[in-house]
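Next come two complexes built around subunit A: one with subunit B, the other with subunit C.
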Partner chain A sequence: MNTPKLRVICASVLCAIFVVGLFAGTVSPYPYAKQFRERPNAAPSSTHLLGTDSLGRDLFARLIYGTRVSLLLAPAAALLATLLAGIFGGLAGLVGGWCEKFILAATDLSMALPLLFVLLALRALLPLDISPVLSVIATFALLGLLGWPSSLRVVWAATKNLRNCDFLLLARATGCGRWRMIVRHLLPNLRPVLFAQFWISIPVFVLTEATLSMLGLGVIEPLPSWGNLLRGLEDISAVTANPWRLTPLVLLALVVICFQLILPAQEETA
Partner chain B sequence: MLAAVCLLGGLLSASLVRFSPGYGVDERELDPRFSQASLEAIRKSHRLNAGLFSYYARYLAGAVHGDLGSSEWLQRPISSLIKERFPVTAKSVLLGVLLAWFVALAVSLAGVFFRGPYFDISTTLISGVLIALPAAVVAIFSVYLRAPVFVAIAVVTFPKLFRYLRNLLNHAYSQPYILAARARGISRAKILFHHVLPLASPALFALLGVSLAVAFGAAIPIEALCDSPGVGQLAWQAALNRDLPLIMNLTLLVTLITVAANMLANIAHEGAL
Partner chain C sequence: MPSPLKNLALTILLALAVPVRAQTGGELHFCLHGEPKTFNPILVDDEASENVRYLTGGVLIRLNRQTQALEPALSTSWKISRDRRTITFHLRKGIHFSDGTPFSSEDVAHTMRLLMDPETHSPTGDAFRSGEGTAQVQTPASDVAVITFPAPIAGLERLFDQVAVLSAHSPKKEMAVLGPFYVADYKAGSYVLLQKNPNYWRHDAQGHALPYIDSVRLDIQRNRDIELLRFRRGELQLINRLDAEQFERLQRENPAVTRNAGTGLDAEELWFNQSPAAPLPASKKSWFGMTEFRKAISMAINREDLCRVVYAGYAKPAYGPVSPSNHFWFNAHLEDPKYDPQGALRLLAQAGFRLDNDTLKDRAGNRVEFTVVTNSGNAAREKIATMIQQDLSQVGIKVNVVTLDFPSLIERMTRTFDYEACILGLVNTDLDPNGQMNVWLSSGENHQWNPSQKSPATAWEAEIDKVMREQATAPTEKERKAKFDRVQQIAAERQPFIYLINKDVLLAVSPSVVGAAPVVLEPWGLWNVDTLRLGPAPELGVQK
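Let's look at the complex of A and B:
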């Protein structure tokens, strides 16, 4: 299969999942926390498309609401991370000198830190028993605030290349102001780089959220997220009894693979 | 560099511990069994740590003597906890990284050697699926299959490594002088080991440190879910119990190891040239 076709397919799959997540309230048959106490661990049926979990909550409803949480907030966190990377990477590339050295040293240091250890440490700083909505915000804010280092290096390298370009020299020679130069000449040229970094960050954050929530340090129940739903996999007897419990995993893997296939290969290595 | 990381990381973690919500509050103050005098002693020990810099200075002075403070949750010295737990993690992370490197190198070299669409597509597919699995899910599957911890770490590290390795080797293989070497009839194996690998080696050495950081990160969910008593599990439990001194020290330890590994890789690379 050729790549443009594959990309269109991936994009439409992602769009479909995104739309379903966005309109979770109308698509889902039940609220995500509603318990059917008389039928816990039910098998899939016409009333419960994917069955119910051990507390009798409809898995299909939880999956749709979980999609909303994961797929809306991962891009938000990616936006924050890309913004930070863009500001500081651009600053380092443009200003140079000690500012550049300082920012790059900080980046190298953060890249040496294993992300998960730092996330755990910062999460431990916050109180554990916060409301579910706050836990979502805290999780993705932490992801956004910590996920910038690798993007920063790319933005820095791109800015540094651009700075020595002839067209910027020409613009400076014609008396173009500093802000006009940044907004009109630099940013449009950086856009593909920033966009690629934003796009790369999303699956990383989706996966990290899943791991954090599975460890009980991410999104807190009863609010569903993909990571939360994957906790159901720990119970092997329930999974063998109802293989449809693997759907969140399949959906998560599908989304991450789609995100990867959309990205052109050369941007992956950039 | 290593010393700078130590000092800076230490200061950062000290300030985080010092300014975290609830610092200096001790549950023992609520315990009626303690006499007034012992309560006063507890409060005094907290007051000694009140200022950030005095706290940091005391921490540093202790660290020089091998005393990293004590865990609030387990009420044990952190250094003895690390001594107990670290070998487990070191062993599984080292074995895991070695296995991941071995498989990734073998597969990507084979990919360059037998250039063909089927091999390329199948390896891309497998690594693509593996990279889309969260580390915690890999851990759960390894529990199902009763696989050792280091295999799970290798499974998490391998796809990330493989993607970079394959791109690197393919890039090196597409250089004009490789074409020239092939035109002169030099054998494939010789091209691979004499012309492609040396060109890619700086990036390979750089990857070494990165893969170690990835493996340590993967160790947290894997050890937590596979119940392997290592540093990763300890960090997870410390986070669940809000034991900040412990988790800060663990983060610092892992950072030092990855920075040291990066530096060693640099030195080894410069020595090899």
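Let's look at the complex of A and C:
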């Protein structure tokens, strides 16, 4: 299959998944929190397309609501992280001097911190009486706020390269103002890097949320996310007995693959 | 003799020898779920060390884990004075420590001195510290020890089940033991190897020396899944405490290896934060302080569903601080509250709450909503919280569930008091209510709903304080029981803790272990380790 065709397929798959997640309320046969306590761990049937979880909740309903949570908030967190990386990485690369040193030192310090423990500590500092929806927003906001350092290094390196390019020297020599130089010359050239960082961050944040949920610290019950659905896979023999429990993992893998296959297209078209 | 005949004779001999060899000797393998912090029995403070202490320590009085009655061990008899301050032990004669040092009353005196010495910081010794001053030990004869405490101690004789006697003269110090095994080898993070104590004092009815097993290998393994995998491969012969999911899986594969010892002593419970120092809105403090509110919450929780869904049926609804498995102290006269959401609504209405469009509101019109915290990583507790969330939504109450890592949770429970309600488990290792003193006294640190009070906040807490102190000094067990029954009654009426379930004690025992009779008390499957025998390891017939 040629590459453009593959990208179209990937984009279509992603769009389809996004749409289903967006209209979860309409598509879902049951509310995601409803417990059918007489039917815990039920196998797939016409009543429950993907069976039920250990509390008797419909897994199909939870999967599509979880899709909404994970696929809407992960891009938002990725956007926030990319924005921060773009602003500070660009500033460090462009201005140089003590500003560059300070920003890079802060980045190195942030990268040296174990992200997971920082997230655990920050999550513990949040007030307890927040609703599950606010909690999920807070989790992704924290991911966005803490997930910028690696992107910043890339943006900084790209900006530093561009700063010494002939076309920027020429622009500077012809008296081009600083803002005009940034907007007209620098940003268009940084766009592929920023796009790449954005697309790369999405699956990273989906997976980080999954890790946090596996630790019981991501999206809180009863709100589903791919992360807390993946917790059902902790017991490997239960998965062998109920292979349909792998659906969230398959979906996550599919989304990550699609994002990765679309990514080169962004670099090429920019 | 010609060779074929020799072989035949050897085969016959071996065949005849098999039943005998299957009954004695061999090595028992099982796992400790943590590193033993000490081999000094008087410093034991963790489950792994406690297991080692049980297997190696010789005690004056042993609590029979099956009958829950006290039995003579190193002492042939004992007598407690009327004021419950003095206990006189008559010791067995002709007993030696594992290294051959003779046992006498001097060893008892030495052990008690170490135990009661504040410099030793012995957790076991804490239970004996009833008042100001130290315990006096007299040794009028080599087989008589008289111990006098500064103040009366209720259930005094029972406490000696935890006191492993140390040698006063052995150069090996605490490594010289009087129990069935001694520590022969230890590799940190890997294993503890125990060998049969050749001088162990117990013999079976036929006069054979106990224990039957030659050695016990305790592998240090924190990961329960790996433990289960090793059991299924036949590398381990026993697993103490399985969770319901593991148990059910194992039962599907090979029912012969699963053992349900019955309802355990541990309970899962929910409580509301009633501390005046809690940074909570006044309305919430007022709800949490109302008995009717707490009772209504209790009535609206479907405990049967919790047992069936979360624990696959391997749990029983809990209604009080004492499990029915604690035969003597359980108050059987208390009525089990039934799951009754309508009754809960009626009770809430009496207390001034009203249901408005499926939303419960208080007198001032505030929506009734609270957050339940529990520790992250405990799947069962998270499921319990989620099920309670749905149960309480039936009576219009919105519950948020938050999981926190354990240190953060403890910080909120004990220092900042910044939480509304909490689900945690109460681990009960002692049958005697004195072990729960710190929970029931209003001044106690573990009086979780309102800890470390200077004076009791409510009249019923004052009554619990009074009755608990009275039971601790009552002269007879019957009187103590009557007093503690009253405490259980108050707890049922006031519901400071909303008890949810008592988990079953689930174990896996290989059919090669002969004589295993798991019980609900620690150390569960190992309580009769000195009479366990190892037969040939049969094919488990489970997935490898």
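In this section, the second predicted complex is superposed on the first by the 243 of 270 C-alpha atoms of A that agree within 3 Å, B and C clash if a C-alpha of one lies under 4 Å from a C-alpha of the other, contacts with A are read in each partner's own complex, and residues count from 1 in each chain.
Simple rule for what comes next: a residue touches a chain if its C-beta (ideal position, glycine included) is under 8 Å from a C-beta of that chain, and two chains touch if they have at least 3 such contacts.
None of the values given here were measured: they were computed from a predicted structure.
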Contacts of A:L249 with subunit B and subunit C, given as first, second, both or neither: first
Which of subunit B and subunit C A:P188 touches, first, second, both or neither: neither
Touching partner for A:L233 - first (subunit B), second (subunit C), both, neither: first
Partner chain(s) touched by A:L120 [first = subunit B, second = subunit C, both, neither]: both
Which of subunit B and subunit C A:Q260 touches, first, second, both or neither: first
Partner chain(s) touched by A:G56 [first = subunit B, second = subunit C, both, neither]: second
Touched partner set for A:G175, first subunit B, second subunit C, both or neither: neither
Which superposed partner A:E221 touches (first subunit B, second subunit C, both, neither): second
Subunit B versus subunit C as contact partner of A:I130, first or second or both or neither: second
In the superposition, subunit B vs subunit C on subunit A residues touched: B
On subunit A, positions contacted by subunit B and by subunit C: 120, 123-124, 128, 215-217, 234, 236
Touch list for subunit B against partner subunit A, complex: 5, 8-9, 13, 16, 20-22, 128-129, 131-137, 140, 144, 163-164, 167, 171, 209-210, 213-214, 216-218, 220-221, 224-225, 235-236, 238-240, 242-244, 247-248, 250-251, 254-255, 258-259, 262
In the complex, subunit A residues that touch subunit B: 109, 111-118, 120-128, 203, 207-208, 210-211, 214-217, 227, 230, 233-234, 236, 249, 252-254, 256-257, 260-261, 265, 268-269
Complex contacts: residues of subunit C adjacent to subunit A: 225, 245, 249, 305, 308-310, 369-371, 373, 376-379, 382-383, 385-387, 389-390, 400-405, 408, 412, 418-420
Complex interface listing, subunit A residues touching subunit C: 33, 35, 37, 40, 54-56, 120, 123-124, 128-132, 135, 215-217, 220-222, 231, 234-238
